[in-house]
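In the part that follows, the structures are each spelled out as structure tokens.
Two complexes are shown next, each including chain A; its partner changes from chain B in the first to chain C in the second.
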Partner chain A sequence: MNFTFQGKRISGVLTVVPANEKQFIEEMKNFDFPEARSLKLKEVMGYDKRRMVAGDVCVSDLAVFGMQNLFERKLLAPEDIDALLLTTQTPDYLMPPTSNIIQGRLGLKRDMLCLDINQACAGFVLGLIQAFMLLEQPSVRKVVLINADVLSRKASPRDRNIYPLIGDAAAITIVERDEDDSPIHASVKMDGSQHAALIIPAGGMRLPSSAETAKLENVGDRNLRSKDHLFMDGSAIFNFVQTEVPPLIEELLAAAGKSADSIDYFLCHQPNRFMLQKLADKMKIPHRKMPHNVVESFGNTSGSTIPMALALNFNGDLLKHQRQVCLAGFGAGLSWAAMLLRLGNLSFCEMIDYP
Partner chain B sequence: MNEFLKQLAETLEISEIKETDELKAFPEWDSLAVLSVIAMLDANYRVNLRAADFNAVKSVAELFNLVQSKKRA
Partner chain C sequence: MKTVAEILQEIRPEFDFSASNDFMADGMLDSFDMVTLVSSLDKNYGISIQGTDIVPENFQNLETITGLLRKCGVQA
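And now, the complex of A and B:
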């Protein structure tokens, strides 16, 4: 389904990554695979370094740290925040909402809206859509969108399918009204019939965590995983992305009356280098317009990868210029979403370490 | 068929592949190899296979036939 908005903009992006860095070359010793094949995996997928929380660090810890950084540097005033949206798959608790916890820890005003959105890799685009809808209300002038996950805590260290690609991060995006009323186009698609392709089977009401669900099982291909762990059907997801994302973007460009050539950057979710290169080739987009370098230094950080790509590649450019960009997120749900907007003249676009 | 053998060998980084070779007998045959072959078939033949499709395929010739039948479908 299509959405259009006017008079809204992203004014700043801050990403927070744990200082704790892991090297694939060290971790591959945990997998029961020939070293040559693991090195091949490293080369093709772009696995190298990634950031993981140490110990029991939660989503609200990363988010609060980033927000306080913005307050201290006067890049954001606490009293200006009318809504706080948190897109996460790894909340602090099943109940209450982690967005309320963040609000409480920051001592924000009570006259505001907090909302958790249970979406994953499409969460940046879906969160922006929600933020833009809220900004249609006269009482909402500034929305903080936080995309944060600590999925490394749900990945089995003995599962080569998932462990080497997962990273943790939080991204804080400030969304507000704008005098520039050039249209923003977005498109969203969902397919819940494929919900089992990316899933943490245990820990919810359907299958509560127990001693049984914590048991490591041999799940084939020499990988060990429990039902408490994150599962990804890698080839099904690959097929899904290659089949569904190109038409999503092509139809969105058509709806907006724009050509692919007129787009300065295609900022996609960053699952791994392989998938992004194949996606760029399929859509005949030059690789320099579609960055794929988040995974090699930070891992796949779920809904925060698009802000990560911005902070990593365009921090200088987007402070001074405005660019026509296409955003695209895709993942658990299954959910996939794309957006065309003008992005730039940001007041900040950077990355900081969570100690 | 020759072109197909060449492309498959390149994808799997094996010097030579015969149509009677069994896929699972290649030491390089793992989930990464499956993904690479899926991507190659999509790029060169516009055929979208799933990992599960490979379960029924034993030899290289059978894979070739599967791709041909999907191309016509």
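And now, the complex of A and C:
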């Protein structure tokens, strides 16, 4: 499904990462796996460092901390926010919506819209599409999109397939109207028939959490995991990404009448270095145009890896210049989405630590 | 330049790969070993094996791996 928008822009990005840093090399002993093979995996997949919340820190804690930082520095006025969108797979509660909790903790006005979007690694592009659609309404002038997850709390420390990858973060993106009416093109695809490839099996109504679902099971390859934990069929997800993402981007470029060469940066969701390098090779995109350093230094933080890449790599550049970028996210659902837009002249583009 | 057999031996030195016709089924390679193997083959032969070709069927035994390399223009 294709979308086009005009007269909208991203005006600022603030990402929040927990100060608590873990080194893969120190965590290797958690896995029943030879050290030499772990080191080889570190090199190929780009496992190095990641940030994890400590204790019971929730999505709303990271989000409120980031929003208060923006208020204190007068980079965002609370009364200007007409909608707060939260894209997360790890809400504070099953109900109420965590976006309402954030609104309440921040004391925001009541005459606004709060909405949780249950999407994961495609969540930045999907959230932007939702924000742009809201901005079509005369009453909506500024939307705050928050992509936040604390998925490390749902990863088994004894599961080598998942645990070394996962990081926690929140990204706050300010979206508003713009006089520049450069077109924004987006495309979205969904395939719910493959929903079990990336899933937390227990904890919802289908399989409520219980003592039984909390039991660690040997799931092969010397990994231990319970049904309360995050599961990923790594091979299926890898093949899904390699098969589906290149044509999605190619079709979007064709619809927008642009060539791959005309794109300054391809900012893809960052699951691991190997997957991104193979994606870049398949699309014949120079590796320097597709950064993969978020996952190496912060872990796979789900829907926030794209804004994290902006803050990590282009914070100075995007304050002064405009770039033509292609964003692409893909993951649980399965969902995959891409967007072409001009990005730049931002008011802020930063990363801060949550203590 | 190393041979495919030498690369496999480096990744899992404890196994005799010439004795198996199905590395995955015989528990000699798992999905992460497959990723490590692709990375080593890419570097060794100066190629980039396509992501869509990284499926267990292509890494079943020495014959299927050399078949994949031939597809990438390498005579291994």
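Following the convention adopted for this analysis, the second predicted complex is superposed on the first by the 355 of 355 C-alpha atoms of A that agree within 3 Å, B and C clash if a C-alpha of one lies under 4 Å from a C-alpha of the other, contacts with A are read in each partner's own complex, and residues count from 1 in each chain.
Methods note: a residue touches a chain if its C-beta (ideal position, glycine included) is under 8 Å from a C-beta of that chain, and two chains touch if they have at least 3 such contacts.
Note that the coordinates shown come from a computational prediction; the quantities given were computed from them, not determined experimentally.
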| item | value |
| --- | --- |
| Chain B versus chain C as contact partner of A:274, first or second or both or neither | both |
| Contacts of A:282 with chain B and chain C, given as first, second, both or neither | both |
| Touching partner for A:215 - first (chain B), second (chain C), both, neither | neither |
| First (chain B), second (chain C), both or neither touched by A:236 | first |
| Chain B versus chain C as contact partner of A:109, first or second or both or neither | neither |
| First, second, both or neither for A:29, with chain B first and chain C second | neither |
| Which superposed partner A:40 touches (first chain B, second chain C, both, neither) | both |
| Contact residues common to both interfaces of chain A (with chain B and with chain C) | 37, 40-41, 44-45, 161, 221, 234-235, 238-239, 242-243, 274, 278, 281-282 |
| Touching residues (chain side chain B, partner chain A) in the complex | 27-28, 30-32, 34-36, 38-39, 42-43, 48, 50-51 |
| Residues on chain A engaged by chain B in the complex (per definition of touch) | 33-34, 37, 40-41, 44-45, 161, 221, 233-236, 238-239, 242-243, 274, 278, 281-282 |
| Interfacial residue positions of chain C with respect to chain A in the complex | 11, 30-33, 35-36, 38-39, 48, 50-52, 54-56 |
| Touching residues on chain A, where the partner in the complex is chain C | 37, 40-41, 43-45, 160-161, 221, 234-235, 238-239, 241-243, 274-275, 277-279, 281-282 |
